[in-house]
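Take a look at the structures listed below.
Two complexes follow with chain A in common, the first pairing it with chain B and the second with chain C.
And now, the complex of A and B:
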């Protein structure tokens, strides 16, 4: 985008009119969906009353935010949210690149089939995933207890009551579900790399390993940086389905599965308080916004080429 | 934001499931007087005051001038979404109310899963909804969010709702007051419960040769049993059917299995002896809870319960219906045997192990409210009044049109009209228990004609009525404590309730976690509000 600078702005505009027209529906959607509701954020600082409306309701300052921090669980839920997301970002990125490279190197016809199979879990609703997981982990009828542990002569495990396994289970499920989608994006970038680079490398005697590490990965860097930056922006959000549905909302696992989203959801479900919900939402997006700006700044310091903006 | 909406939707679905599980109650009956149902008759003509008649005449005159009647919209939910025959029913309703009330009435029936969200949006955006059920939405949240109208503003309630006052006892109406203000009127239903009804499949009892008739009969006509009797039955069942689970256990040991009053909708600070004392205490430290924990632990140790009980959220009756479980516990009331047998898909024997109890929030759990934004409060209140008194309106609302949706049997009960069944029925909301007054209309086939009277007697004869009947508490100021408490309970409570941990140890962990989550502050808050309420209402 930045490279296409032409002489006059007017000329530019004329040239891009078809593009603007094409972008218009999307921009309109963004405007209506993402910008119009912005003034409603004021709700986070008010005590909502339908009689007085959003703007007429009285201001209460930061009282609605107190809810998030006044509890002893604040540390646990913040820690879970951030650490899980960090692990997800790292594990899923590495796995996605790995799979994308494998797929790119593949020449056989069933490549498309592999690609679809890997993408499939991404399409499945978390509720269904949670039952697939349950099929494996059910104490009485689960696959693992009955078909793996029992034949080996081991005691069955009450999976849904033991905290220690869950960090691994969640990371595994997240990777299984998410890798397909990220891998498609990486695969697209890999296929976009000029084949002649590989050819000349091959002529110069570069092995497959060297080609991957010296060509593919360096050229993937912009994509990696972009996807990671986007992920970092959502580090304060957690995948609600993953943390709520997959552990079957089991209380015994809360200390390893409770995140900001599930905590707020459980608490506010019964209160139905709009102001507190918007306070929680505002807090999450604000921190996310700062994190994106921050990490972008860091990236810019290291290499301006890769910064998002 | 999308995720927010998704999670909200999800929450509503879960809630709806919970409600389907425990709410499908109160089969209907008129008060033993089917004869009062005649076309075009306003049941309580005597209660229509001059002011009311004047208001109706004014509206009719207005409609004559403009050629259009003003409309009152009534919102509630059902389990399957907008019924196919709703337009037809609405037309019939309006045709009738144009005559009697001088206005059009429109029922707005929303799927239970969407009801909470839809209503919040409509109530805060100014769309027309005049009357609505606060079920799912919550009575207290509705008041806190300012959705509802003070029914007694300018003496409106006295002027236009005389019929309601005749139908609902004053103390039940007062139970819906919050801070002295009447925001809603309760549906006429069973407010009391008979705690601890252990339901066992008839076929299983036959198989072990258990003679039910040797047990005494309780006031409600069910066999009266003790926990020892039940344990004895369970042991025999387990021996006879080792491949089935004996009991579909649920986390209802307090809600349905005790007379502990869950002040303000949660068990974090309760009245352990609600009939005599207004002292807020921690139920989880009490002997009541300890007994339950011990019982569940023994059941679990004996192999009566599923090892997946904690994760399997299927409703107990659905589990019994599946044929893998033989018994469950709920609470009962008149007509319950028919209901639970229907839910479980087999004949059930209901053992009455508990006592009757009416909790503080039983009456005010989901009253009907008027939108504060309603254009014509007088018209809306008159419609509300008619919902409680007018059999024609209530029949249309509960059952649809005669001949098209239902037909009257020779014994006075009703059933599906010819050619109509459960699958192709165009109007069968199946939420009688939230209808304002399902007892001014017909009774569905299979229920006694005097079910309304039976329910009324059951309420009136309840021996253990909470002293705090009608007390409600707004816990918004304690939201963070509440969330922390709920999390602590979810972490340590269910294990104990389902008997997966040794009671002593499990309870001490639970109690410690609740204390750490701020139970004492929360209880103090409740106590303070309760004391103030008691002083205000002259209760001591």
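And now, the complex of A and C:
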């Protein structure tokens, strides 16, 4: 009896070998790309010495972190990363919901075309975006300086030198690129609402705007709350291309464009400051991890359907 | 009354959407018009929607002298095709294995895939692995492998598609007919999964075509391996470098004459974004489906 059981087990296991063979390349990739780097995180506690390598470099405890948090940079990059993300979440969510509601209520078939236009910027790379922005903002050749400010008799602005404009530019570019994507998600959610609710509301004499504010938005609330919480979970990560490419890596703008991601990048590849860079990287990984877990926990409490896990 | 209110709403919606569509598209229009503008006109009047003088010189320049553009185009196309095929292969196979509810150690493997979505080592350790341990710096592998080949999210998406949309009866029928696991996967599961394969392939293809970071980080010497994005990026930096380091305008003018001129720059960006713009009408339906699929699960 017992031996028969192990025999079928063995036979069963053999049956699964092809599945493991198929899973192998993907798992190998995850191992290389995602797990192999993890031990390298100890670098945050070491003084990196290129000759000795990661493991030969001496431990210095929390010294790297002490230095990092003693600089103004730590505060600036944390503030920029969080504040920009918060504004992006608010602006992009409101715009996306507004557009999604209009599209859902439109009867004309052109609405498909509108949606396509608005989604287009989402498809292109940040390098191209930096060219598009440059076309408008270039000091010598830009459209704004030459075709708007000059005819009005105003002095040209050195856009890439003046940091006061950049918070607005970055929020605008983020919305320009991202609203189409969020809009698609909200639109799908609105189209899932039972139309008969609207019909009976219309019979009761509810106006279009009343229907939107009394039916659509309240029924969208769970989706809004979930998507926002999940975005908040990612608030410690910034879009590297947006903050690096679009301001063209201009030193004069760093105090308003430097985020954790650009700081880590510059430390590693432009300044060769491995200790600070790895300390900031671990800081991001750990706080980011806690935020993802925390936001997911909240989502799960509200509605387990939407939780990641 | 009702119809009038309805009509006003529709008009309002159209006006708003026309304005937003205009904002979405107008930068592309400026880009394309600039690329067809005479270079001297650009230097005198800047980028404009109504240039005083048109010219196709920028494109002639690119295709006559700009071997680097054609070469970079070739690299981008090769990278996108190889990357998409490899990404789809390893993603579908892993997702299929994980979709089997009775697979031994399934939950461990699922956790390993899932954990990559929650925590990652970040740039510094990843860079060290690829440069010091695997030595792929300055090779085609550097464009292909880091970060882009597979991600846990797509595996999860595909796994749930396999679980929900492939009836187990069909699989059982294939097994009874004596089909091996490989054959079942290739000739039963994949044909039934065309929608999800198309969607994830599309996302992977766009990610490869648009990626500039891998080349920027890992191709420090081999500029001959530059993709279109890397070439564009390099060109923008040269121009920035130039305008930063020349205090006088005429110095900048002299410098600009020796490197690709103002209109050539925009022509190259146009050429770089062209494949996306041309294929967009055909792929956007599938793309929207993909976003909805991913968005529902967060």
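Here, the second predicted complex is superposed on the first by the 207 of 309 C-alpha atoms of A that agree within 3 Å, B and C clash if a C-alpha of one lies under 4 Å from a C-alpha of the other, contacts with A are read in each partner's own complex, and residues count from 1 in each chain.
One rule holds for everything that comes next: a residue touches a chain if its C-beta (ideal position, glycine included) is under 8 Å from a C-beta of that chain, and two chains touch if they have at least 3 such contacts.
Bear in mind that the values here come from a model prediction, so they are computed numbers and not experimental data.
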Legend entry - Residue contacts with chain A in the superposition, chain B compared against chain C: C
Inset, instruction - Considering only the touch criterion stated at the top, classify A:201 as touching first (chain B), second (chain C), both, or neither. - result: neither
Inset, instruction - Could you tell me if A:13 is touching chain B, chain C, both of them or neither one (first, second, both, neither)? - result: second
Inset, instruction - Name the contact category of A:70: first (chain B only), second (chain C only), both, or neither. - result: first
Legend entry - Contacts of A:51 with chain B and chain C, given as first, second, both or neither: first
Inset, instruction - Pick one for A:277: touches chain B only (first), chain C only (second), both, or neither. - result: both
Legend entry - Which superposed partner A:193 touches (first chain B, second chain C, both, neither): neither
Legend entry - chain B versus chain C as contact partner of A:138, first or second or both or neither: both
Inset, instruction - Name the contact category of A:117: first (chain B only), second (chain C only), both, or neither. - result: second
Legend entry - Contacts on chain A seen with chain B and repeated with chain C across the two complexes: 33, 37, 53-54, 134, 138-141, 160, 240, 248-250, 261, 265, 268-269, 274, 277, 281
Inset, instruction - Using the touch rule from the top, collect the residues of chain B that touch chain A in their complex. - result: 1, 3-4, 6-7, 10-11, 15, 116, 120, 123-124, 137-138, 141, 144-147, 265, 306-308, 310-311, 313, 372-373, 475-476, 479-484, 486-487, 489-495, 500, 516-517
Legend entry - Touching residues on chain A, where the partner in the complex is chain B: 33, 37, 48-54, 66-68, 70-73, 134, 138-141, 158, 160-161, 237, 240, 244, 248-252, 254-255, 258, 261, 263, 265-274, 276-277, 281
Inset, instruction - Provide the residue numbers of chain A that touch chain C in the complex, in ascending order. - result: 13, 15-16, 18-20, 22-23, 25-27, 29-30, 32-41, 43, 53-54, 99, 102-103, 105-108, 110-111, 113-121, 123-128, 130-136, 138-143, 145-147, 160, 176, 180-181, 184-185, 188, 202, 207-208, 226-227, 230, 240-241, 245, 248-250, 261, 264-265, 268-269, 274, 277-278, 281-282, 284-285, 288-289, 292-293, 306, 308-309
Inset, instruction - Sort out for me which residues of chain C touch chain A in the complex. - result: 2, 5-6, 9-10, 13-14, 16-18, 20-21, 23-25, 27-28, 30-31, 34, 42-43, 45-49, 89-91, 93-98, 100, 103-104, 109, 112-114, 116-129, 132-134, 145-147, 149-150, 152, 155, 180-182, 185, 206, 209-213, 217, 229, 232-233, 236-237, 240, 243, 249, 252, 262, 265-266, 269, 272-273, 276-277, 280-281, 284, 287-288, 291-292, 295-298
